[in-house]
Structure formats: structure tokens, C-alpha cells
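In this document, chain identifiers A, B and C correspond to the written order of the chains, with residue numbering beginning at 1 in each.
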Amino acid sequence: MERFIQVIVDGIATGSIYAALALALVLIFRSTGIVNFAQGEMAMFSTFIAWGLYAGGVPLGLAVLTTLVLSFVAGMAIERGLIRHFEGGEVLTLVIVTLGLFILLNSLAGWIWGFGNRSFPSLFGDSTFDVGGVQLTWESIGIVGVLLAVVGLLFLLFQRTKIGLAMRAAALNPESSGLVGVRVGRMLMLGWGLAAALGALAGVLVAPRLFLDVNLMGSVLIYAFAAAALGGFDSAIGAVVGGWVIGVTENLAGTYVDFIGADLKILVPLAIIFVVLLVRPTGLFGTREVARV
Amino acid sequence: MTPLLEVEGLHAAYGQVEVLEGIDFEVEKGRKVAILGPNGAGKTTTLRALSGMVRTRGRADFDGDSVIGKHTADIARRGVAHVPEGRGTFPSLTVDENLRLGAYVRHDGSDVKEDLQRCYGWFPRLEERAGQPAASLSGGEQQMLAMGRALMLRPRLLMLDEPSLGLAPIVTRELFKVLGEICDEQGMTVLLVEQNAGLALDFADHAYVLESGRIGLSGPAEEIKGDDSVRRSYLGY
Amino acid sequence: MSDRTLRIAGLVVLIGFAVLVPFVFGPYRVGQFTLVAAYAVAALGLNLLVGYNGQISLGHGAFFALGAYTAALLIEKANLPYLLTVPLAGVLAFAVGYVFGVPALRLRGLYLALVTLALAVATPQLIKRFDGLTEGTQGMTVEQPESPGWLPLADDQFLYLLTLVVAAIMFALAWSLMRSQVGRAVQAVRDEEIPASTLGVDLASTKTRVFALSAGYAGVAGALYVFAIGFVAPEAFTVTISLAFLAAIVVGGLATIVGAVFGALFIEFVPVYASDVNDALTGVIYGGVLILAMFLLPGGVAGLLRRIRELVARRPAEEEVRRPAVATEGRGVPAGKT
């Protein structure tokens, strides 16, 4: 029984990481209307930057914070410099552009930092503690806590601030937003910046658990896609719930179902993607169907 | 005194199709001007051109500064409130959120709150539904919301695109009555595009008639209303 | 010179070059061009789906793998003559594509992209899963076609020309299909679904059939790939190959027949040359070129050639490309955005 609870808790922690990246995907989808296939690689790149700062002597917390800020700026730059040119055009073009960015960032990171792997320290330390026979790590608690804090902040931003309202409006109806003086382009930039920061957060949270290498976020991205698909691509709550469900399911399957070894664990989110999209494409909490290509 | 809005030789096109073929008109500060005409004459296009939503050439100056080639958001920031065809409300946002968005460009927080209250005063039905999504409103209420949203900008020019569209006559009359009161009270400068010539001529001071992308007739609203032959040949009633 | 003359001239040059390849280049180079021909067939299949029919698939590597493994198994385990495995691989891939297409066509745009992406990611895992059949990670060596004694051709030359002939047949098939009534229906579905259905085009079955056909093409290409490489393993069929096919058709030119050739050349040779410069830089160049291509050549290489032809002929080119899924003019920022 203890083991079961442990698996659940750990699943929620992993799920929170998927949720963070899924939130980034949802943010981009709601504002720009596309799925950013390069979101994971952007996150990986950010994580390397954090590592670089840390290895250079910067205290971990500060390194992470700086990385979040830098990622925010980079996200804005990518929207303004690259994506903006293709907005309003064919979706396929943007798909190719983000795929190109995926490949580019992956190799660029390899070029700069090499293709080997390295370890990344946890923000929450390694210690564990005991609650009624269940072994919990501060790390797991920390990850879930961070996610909840992030969700809370995003809620405040979008529901209680003027700029959050403007961002929502810009995503809902760019033309009407222009009529009230909302500069839609700037709102999109902000959206991409936020998404990049969220991705970076996911990266630094997952890196201690896996090895930090250029393929760090490859599978995490698939899990995040599954989470967003399950939750509904235009729902933030969906991303969180989806992430937790995927995390827990993956962990349960990996622990209790024998023929799914480490290699085939990836089939779990893939199967979920298939089933969800074929049975209920809008996901659990989503409202609109993705537009056609 | 120079008019608040001066338009000369305005051309507008959708792709290769030219809809406005060089129109001239002006709106003086504090006056209400109506642009009338049949469907497809280019009335909506005129407003869209002034809001930077359509490819234009020619001259269109708002308070001395050109609006040709400018972005919609920048034009709005200059104090031009445009209530478009289809109202431009955000269906999934609440009534309150829609109104507050109208004041997005303003920085005077406390005055915005005051204006919001005043808006609810003009349109009590909106206050009743303040927390509801805009999509749940009736046609007439949505039009009120659209106008409220525009007024929240504290605009120097209010542009209305066919407010009567899709509304029952009773609702429309009520709407225009309230609108007239607000505009007179505020000394608002209004550019109204309407297919319902009767209502528009009652509301406006001056009117232009647009036909196939050109101005056919212009004059004080009173005169046009009073002239039977003009009414019959240009406005069909 | 009319546009038509230029196009025919261009085609003649292309075919001429293609036929001369095995006699001009050494075996290694010829082997590369053989792969190009195989990839071109796969790319063409994908282009039918994406360019002409407007659906998106990020998972064609799966059908490519299916074709490859089918051919491999039929040759190694069932001892079938290799030539027979080509149509069989194609038919099986077509059938699987059809089955997959039935639920998939309910999905639009990005959802279909995701589902097909999931398929692509799952493929190597699935191959490993059924290792009883596929030999799993260690892969399978496959006997390659040899030049028959009565032809004065070396093995690599024979293999290349064989692949070329199959590819030519596939291209001719696609070309005539897209010019026919069927082809018009296919494109009508892409352009505006509602008008197409009022014209009596059965949307559902058209989309499924195109999906299946494009899968069949990928299957045939997979078989050709096996002949060329002589070895199959799961690692050859990761997401990378699926994305490469997509890149190929976009760079080559969507909704064009000849674009598949340019795209195949791109995906075969760019990584080779890029890795000559710097191993890590391969991806940077590849990704960079993809992005640049979208900026500069939204119509792909085929689109560029068309523009050149227009310049030379001093007249707009024939309507070969009808409203492809990638804008042929750069789309600027819509009014209202800053």
C-alpha cells in the first residue's frame, strides 16, 4: 500500500513537470493557434544555460531565476523575429518552421555543449522524509508546489490583471482587440515569452531526474502533448489535470504492468494521444476543435 | 475650424476589387454625421478604411493626423472608437470584462471605474448581467454592450456600423433614443453608418449618401428627410 | 519559348541526367542516388496527401518502415523474389493506411499531425516489441538484388536503374491521377471542404483513399530502401525519417509532382555535406535551411523553377500548382498587429 501511494505521489510530481510544459503548449496554442513543436528543445536549451551559469559559479537558485528571465526574453524574440512573419498564413508553414527550429536548437545545443550527458542538481535537495510509512522526497513535494504556485500566478495574471485580460482578448479575437487599442503583436510576444519561461521551468525541474543532454526534453515533449491533448489544447486546467493523469498512469503502468519496461513506457502517452484524439478530440476540458490545416 | 475628421479622395480595395472609388466627406467636432446607402455601397468599408483594416489610399485625417496606413490599435489609441459590424464584443468574456477592455488604453484607473458606473447607468440591463458571458446576451443587449465598450474609451470620435442590423424595430428605436441622449450629453462626435435611413436621419445632423463606392448626395439631415423626391430616389422610401 | 516547351525541356534534362547517373558516378554516389529515388517515391506519396489533399501527416516513416520490413521478411523468411515484394509492400501499406485513415480522417489539422506524430514515435518501439518477427534492435540483413548475368551492368548500376524504373512508374501514376477527375476531386477537398461536398465529392472516402494511397507509396519506397541498403533496424525508422519526408515535400514544392525529386535530393545530400563541415552542425544547417526555405521559397524549389520559367517565357506559367497548402506569397502581418 505504501508503495502504491509512493507511486501515486511520484506520478503527480512527474506529472507536474509534464503539466508545466503542457501549459506552455496551451499558452502558445491559445494565443497563436499553433502547436509549437520546438517547445521542448527551447526548454532544453534553457536548461543548458542554467547549467552553464551554475557550473560557472552562480548559486543554483539565482541561475534558475536568471534562466527564466532569459528564456522569457528569448521566447519574445522568437515570436517577433521568426514566428511573426508566418502568422496568419498557412498552418503547415508554421509547423515546418517550428520543426526546423526543433532541429536547429537540438544541434546548436550539441554544438555548444556537446552530445554527452551531465548531471543537474535538484533545486530541492536530495533528502527524503517519512510520512506514515511512505517515503517522500522534498523534490517531489517541491515540484508539485512550484507547479501549483505557477498555476496560481497564471490565474492571477489572466483573470485579475489588465494585461492578462488583453492577452486573453488578443487570443480570442485579434480584430476586435485591435479596435480597443490592444496591440495584438505585443500580446503574442508576451505569450511566447511566458511559454518559454514555463518550458525552462519544466526543464530545470526534470533535469535532476534524468541526465541533462540534448535529448532531455524529447520524450517529455511527447508526454506534454499527451497531457495537453487529454486536457484540451485550449485549457490550462486541462494541461494540469492531464499532466497529473499522464504522470500517474505512466508510473503505475511502469511499476505494475510487467511487459511495459522502460523502453516501452513511451507507448503509454502515445496510446493516450490516440485514444483521446479519436474519441474526444477536444479533450476533457477543451472547448474548440483545432482548425483544419 | 478644421473638421475633426476630413476625408478626401478615399479609395479602398479588397484585393483587386475596389470598393470605394474616391469619396469625400467630413465630420465636425460635436456633430453627428450619417452615411447612408444600399447594401454593398461601401458603407462598412468606409469605417473599416478609417480603422486601418482595409487597403486604402487618398487622404483621411483625424484631428490633423492621417489614419491612412496606420495600424488599427494605434488609431484606436488616438481616440477613435469603432463599433464594427458584428459588434466586436468578446462572446466568451463577461459583460464587465468587455467593458473594461474598452478602457484598455486609458491610464486613469479611478476615472475608468467612474465611467463603468456611468455606463451601467445608461444601460441598466448590462449591470444586471455584468458577470455573464457576452454570448448570453440578447441582440439588443449585445449592441448596448458594444456601444458601452466604445464609450469606455472616452473617444473623441465614435464610429458605429449599422447598429440596427438584426434588431427588432422596438429595440432599435430604444437604442437610438439612448444613444442620442448620451451623445448630446457628452457632445460626442459621431460617424454613423446605417441602412435604416429614417432612424439615421432623425439621429444625425448631416448625412451623405453612398452608392457603389461614390458619394451621391450630401446635406443637412433635416433637408434630406424633408425632400420627398430625394428620399424616394436615393433612399427608397 | 513557351512555358510548355521549357517544362518539357526541363523534364528531358532531368530524365537524361537520371539515366546517366550510374554510368557517370562511382558506386558510392550511385548508391546515394538510389536512395534519392526511393525517398522521392515516399515524398511523392506524402505530397499527394499534404500538398494535393491538404491533410497533414508527420508519421509517414511508419508506413515506410512497414514497407521495408515487409520486403525484408518476404525476401529473407519467405524467399520471395525481390521484385514481387515491391507491390506486396505497397499493397500492405495501402491496406494499413486505409485502416488507419478511417478514424484519422475524423481529425483535423493539428490533431491529425499529433496522432501521426505519435505513430512515428511509436514505430521504432513497436518494431522492437515484435522482435520475434523483426529481430528487434539488432536488425535484419537482407539479400540485395544482383545484376542478372545477361545485362552488362554492375550490381549498383542495376539496382539504381531498377529503382529508377519503379520510381518512374510511381511518378507517372501520380501525375496522371492528379490530372484526372479524381485528382480534381482530391484537390477540391483540400481547397474548401464545403464546396467539394456540394459537387458530389464524397469527402470521407476521398480522404481515406488518398491517405491509403500515400501510405502505399511510402510502402513501395520502403521496399526500394531495403534493396538499396540491404539492412533494416528500428533505428532507421525514428521520427527523423518522418520529419525528413515532410521537409522534403515542403522544400521541393507542395502540390507538385517534380518537387518530390528535389526534396529527396535535399534530404539525402544536405546532411551528408553538412556533416562534412561539422558533425554537430548538420542539424543546425538542416534546420536553418528549412526555416530559410519557408522565408524565401514558400513554393519550394519547384515554385522557384516556375518563377524562372515565367521570367524566361515572359508569360505566367501554366496552372500547374493550384493553391498549395503553403502560401506562395509571403504573408505579412495582418492589419491591426504591431
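Please note the rule applied: a contact is a pair of C-beta atoms (placed from the backbone, for glycine too) under 8 Å apart; a residue touches a chain by one contact, two chains touch by 3 or more.
Not measured: the values here are computed from a predicted model.
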item: Any chain that touches chain C and chain B; value: A
item: Best-connected chain pair, where connection means C-beta pairs in contact; value: A-C
item: Closest chain to global C-alpha mean, per-chain Cα centroids; value: A
item: Maximum centroid distance from chain B, chain identifier (CA atoms); value: C
item: Gap in Å, rounded to a whole number, between the CA centres of chain C and chain B; value: 53
item: Cα-centroid distance, chain A relative to chain C, in whole angstrom; value: 32
item: Rounded Å distance, chain A centre to chain B centre (Cα mean); value: 44
item: Touching two or more other chains - residues of chain A; value: 175, 177-178, 183-184
item: Residues of chain B engaged with two or more neighbouring chains; value: 53, 71-74
item: Multi-partner residues of chain C (at least 2 other chains); value: 335-338
item: Contact footprint of chain A on chain C as seen in their complex; value: 50, 54-56, 103-104, 106-115, 117-119, 121-122, 125-126, 128-129, 193, 243, 246-247, 250, 254, 278, 280-284, 286-291, 294-295, 298, 325-327, 330-331, 333-338
item: Of chain B, residues touching chain A in the complex; value: 51, 53, 71-74, 76-77, 81-82, 84, 88-90, 92-93, 97, 100-102, 104-105, 149, 153
item: Touching residues on chain A, where the partner in the complex is chain B; value: 162, 165-166, 168-169, 172-173, 175-184
item: Touching residues on chain A, where the partner in the complex is chain C; value: 34-35, 82, 84-93, 95-97, 99-108, 110-111, 114-115, 174-175, 177-178, 183-186, 188, 222, 225, 229, 233, 263-264, 266-267, 270, 273-274, 277-278, 281, 289-293
